[in-house]
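Two complexes follow with chain A in common, the first pairing it with chain B and the second with chain C.
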Partner chain A sequence: MASNNEQTNSHSHFPWSHVVGFGLSIVLTLLALWIGFYSGFSLTTIMVIVVGLALVQATIQLLMFMHITESEDSTVQVGTILYAVFIAVAVVAGTIWVMSFGMHYM
Partner chain B sequence: MEAVEHSPNTPLEYQTETGRLNILGFWIFLGAEIALFSTLFATYLVLVGRTADGPGPAELFEISGVLIETFLLLTSSFTCGLAIHYMRNHSLKGVFVWIGITLALGLGFLGFEIYEFVHYIHEGAALTTSAYWSAFFVLVGTHGAHVTLGIGWIILILIQLKQRGLTPDTSRKVFISSLYWHFLDVVWIFIFTAVYLYGMVM
Partner chain C sequence: MRLDEFFVTGDPLIYGADVSIALTLIGAIFALTYFKKWKWLWSEWLTTVDHKKLGIMYIIAAVLMLFRGGVDAMLMRAQLTVPDAGFLDAKHYNEIFTTHGTIMIIFMAMPFLIGLINVVVPLQIGARDVAYPFLNAVSFWTFFMGAMLFNISFVIGGSPSAGWTSYVPLAGLELSPGVGQNYYLLGLQIAGIGTLLTGINFLVTILKMRVPSMKLMQMPIFTWSSLITMVIIIFAFPVLTVALALMTFDRLFGSHFFTMMDGGMPMLWANLFWIWGHPEVYIVILPAFGMFSEIISTFARKTIFGYKAMVYSMVIIAGLSFLVWVHHFFTMGAGGAVNSFFSITTMLIAVPTGVKIFNWLFTLYKGRIRFTTAMLWALAFIPNFVIGGVTGVMLAMAAADYQYHNTYFLVAHFHYVLISGTVYACFAGLYFWYPKMFNHRLNERLGKWSFWIFVAGFNLCFFPMYFLGLAGMPRRVYTYGVADGWMSMNVLATFGGLLMGIGFLILVYNIYYSFRYSPRETTGDPWDARTLEWSTPAPVPHYNFAHLPEAKGHDAFWIMKEEIKQGKKPEKKPYKPIHMPSYSGVPVVMSVFFFIAGFGMVFSWNWMSILGLIGVLATMVIRSFDYDKGFYVSVEEIEEHEKTT
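Coming up: the complex of A and B.
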């Protein structure tokens, strides 16, 4: 039953993955903010980039803080979350697409 | 921090079959939570701009308050991760200290959010003002309700931890509540991006 991968073995050392994840999250948040207010890109470009940065930050949380890959059920865990992300993208993008017909979107 | 030698490398929360399956079950629950929040995000994004001559987001959102909330929650996610790190080093004191800091940061976040909501209502943007503000308060409010529930839940787990110490059972509960807490920060990343950043940039 013991799962002997790196994550579970490293628990007596300094929590580097947490510190690195925290640092990256701060950098990504500030970067999104800078792109939003100072980059001068169009709204569409800004939104594509900052949503991309949000997805990167969410992945960092899942890997470095939540240890999604550490248990022996990790394939099922990762599969569940990927499937849920697919559902979320289909719901959000599909709703916006359908509801924007016949309206001039602001 | 003492280096503890223990023969099975498996953390306490994974040592029983029940613990392992409960953690897996909680991941499946988090998948359902992602679906729940996606419907609220979809509603919100469709209703952006439907302010019915009431105030719009750009007039009311303030970057300083949003950033304070973001960093409070982000830091609490980090300290919650440290609590799990100390739990795996069998340091009960470490768990109490870092979970305590996590809860304090969570309460700080809630305080700022309640202040923000009250401020919007005073400025004439309430739940019933327009479709836009209804969607805003439901989306951000559902997240806030999750944070409130999480704080209550984790306090109860701390009481149990005080009574029973670190066992496979209590470790599992701490670990699962930590997954919940990190998940709330993941949802907030998207609220920060799709609600606040979008609202202020457009």
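Coming up: the complex of A and C.
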């Protein structure tokens, strides 16, 4: 049910932040690809830069598409972010831990 | 590509399927034309954004998929009944268990549950539709087109045959060179869009669209379980999306994420698959838990025992479900520390599940139980699910798992949890909410026949498999020898499978029979139930509630009924115009373009996939410039509706 008319107000202007966010996401992704393929940095440097770019892009997503600054209820926001961080850490760190077996024992 | 490579040839079973598909299509087109129903189909169903109609379409699609997956299962049982059977060859058998697993999980269990969630949850929280009705239609149609794309594989191009888990390197380009695996990747990818959108849609719906008087801790348990499920969907499905995309890159564009050579990590696929896959099993079980809670509470005529414990245990399950995925591949040999950790988390997750079992038992305790068909399914769920759960804890012990892994013991375990959990819940929920959807009940006598035959068949089919597993029969073998000594239990299992098939057919007949002969409902509350969806009249008007209901606590409708019994007169308030969303043809057209793009990618026909993607983009642009703000249901129309019901 598209019940209230508030939406009309927030949609009346041109969605600059979305366009800028979209452009930045593409640029950052291409940049990461370029660094991975052509920069010639050492593996560690590449990893650090790519992870850094990923964090920047995550921030852009949260700010420009996911309206993180627009809510009145901050506890829900904090809770969601904490849960998301928990899942992200569990998945990424867990994967590295699980998949490292080959490196250690082979 | 030659035509005989495009169509699957050489197998009489496939030719039979070709003929039946062609006949069904011709029949459907003929019937629609003869009865002049094309316009009705388009304007009432294909373009609908009404959550009730979308829910019904989800359920119809899921029942069709249950039939398809069930036929697959029957073919497998037929092949395994006797040793050295020549009914199916190895390749065909592999294809069938792959499509059986994928269809049952992705295209049967989830849509069936999401269908019931679609119908019930907005009504339970006193909403007139979901938060994003247009998106809801996109969800359904992308799911449907993804499912169709996956399903045509067996007549066009060939089915995937690497198992529903599609482990690489078997699913990689070298060992699965045909297009079958591409169908798997693209079909799941397109359907996954729909699931993710459903997750976001219902999360927002439940949080933002409740009647203002309903607090979080007063929501019905089914709504709670749906909320938690949506959270899991939102966090788990992106992992599947990424994993599928990476494997698609590997197969179509020559990348090396999961290959054996050039630095790929084949086991990373298994890892990513189960990071999604384990939360996925909770996605298909939590709504089932929610339905059983509603049904048991209604037919025991008691409020649910331990409401808060129910809610918190689901929250804990949601958190833990992301910490157990390695138990699906203990035998990969990740080392003692890893296996111990995931062994313990797996056992931990059994604790909140156990809490829920006790809550259901205590809800039954001293209840005045009515043995309706829906209640019978719920009651059969408890002992059967406990068998599945306990054997699950056996599998959770990493050291013991080395014995059980990849045997029929595992097959028996997950069928015990998925069938007696999810499938029983789908049937129970169908019987329970059927009058809300179709304005008549399913016949109880046929329902009970179907119930007893199916449950007996289920136990006969899968209980022997535990012992087959302990006797060493590996899963996914297409045949076995006489000397293995597995025949007697396989015969039992096949017999049980037949009974399950008969139970399903009786259910289908019941749908037809009840449509013809069941008396139409006169009230919206056939079961003397407790939650707000039953406060709507029969049939439910398209705007759901003429007045938004008031929730004065848990079991809001029960409280209303008690107040009326105590002599409180419902006050007559004047109606106001109701704002509703307009129907739109964009979702179905967009999804057809997704289908075209997917089909093109399956065969690496770039012109076709680019054409499809341009179509998708074009429909998105059309949607972006669509300024339709919906319409108002006039007071006269509401009065007309409310008079007749």
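Here is the rule we use: the second predicted complex is superposed on the first by the 65 of 106 C-alpha atoms of A that agree within 3 Å, B and C clash if a C-alpha of one lies under 4 Å from a C-alpha of the other, contacts with A are read in each partner's own complex, and residues count from 1 in each chain.
Everything that follows uses one rule, which is that a contact is a pair of C-beta atoms (placed from the backbone, for glycine too) under 8 Å apart; a residue touches a chain by one contact, two chains touch by 3 or more.
The shown structure was predicted, so the numbers you read here are calculated from the model rather than taken from an experiment.
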Given the touch rule stated above, what does A:I26 touch, chain B (first), chain C (second), both, or neither?
first
For A:F37, select first, second, both or neither according to whether it touches chain B, chain C, the two together, or no partner.
first
Check the residue A:I87 against both partner chains and state whether it touches chain B (first), chain C (second), both, or neither.
both
Touched partner set for A:W97, first chain B, second chain C, both or neither
second
Taking the stated contact definition, name every residue in chain A that is touched by chain B in one complex and by chain C in the other, in rising order.
1-3, 8, 83-84, 87, 91, 94-95, 99, 105
Within their complex, chain A touches chain C through residues 1-3, 5, 8, 83-84, 86-87, 90-91, 94-95, 97-99, 101-102, 104-105
Given the complex, residues on chain C that touch chain A span 127-131, 133, 209, 231, 235, 239, 265, 267-268, 271-272, 275, 319, 322-323, 325-326, 332-335, 338, 579-581, 629-630
The answer for chain A against chain B in the complex is residues 1-4, 8-9, 11-12, 14-15, 18, 21-22, 25-26, 29, 32-33, 36-37, 43, 46-47, 50-51, 53-54, 57-58, 61-62, 64-66, 68, 71-73, 76-77, 80-81, 83-85, 87-89, 91-92, 94-96, 99-100, 105-106
Touching residues of chain B toward chain A in the complex: what are they?
1, 3-4, 8-11, 14-15, 17, 20, 23-24, 27-28, 30-32, 34-35, 37-39, 41-43, 45-46, 48-49, 63, 67, 70-71, 74-75, 77-78, 80-82, 85, 88-89, 178-179, 182-183, 185-186, 189-190, 192-194, 197-198, 200-202
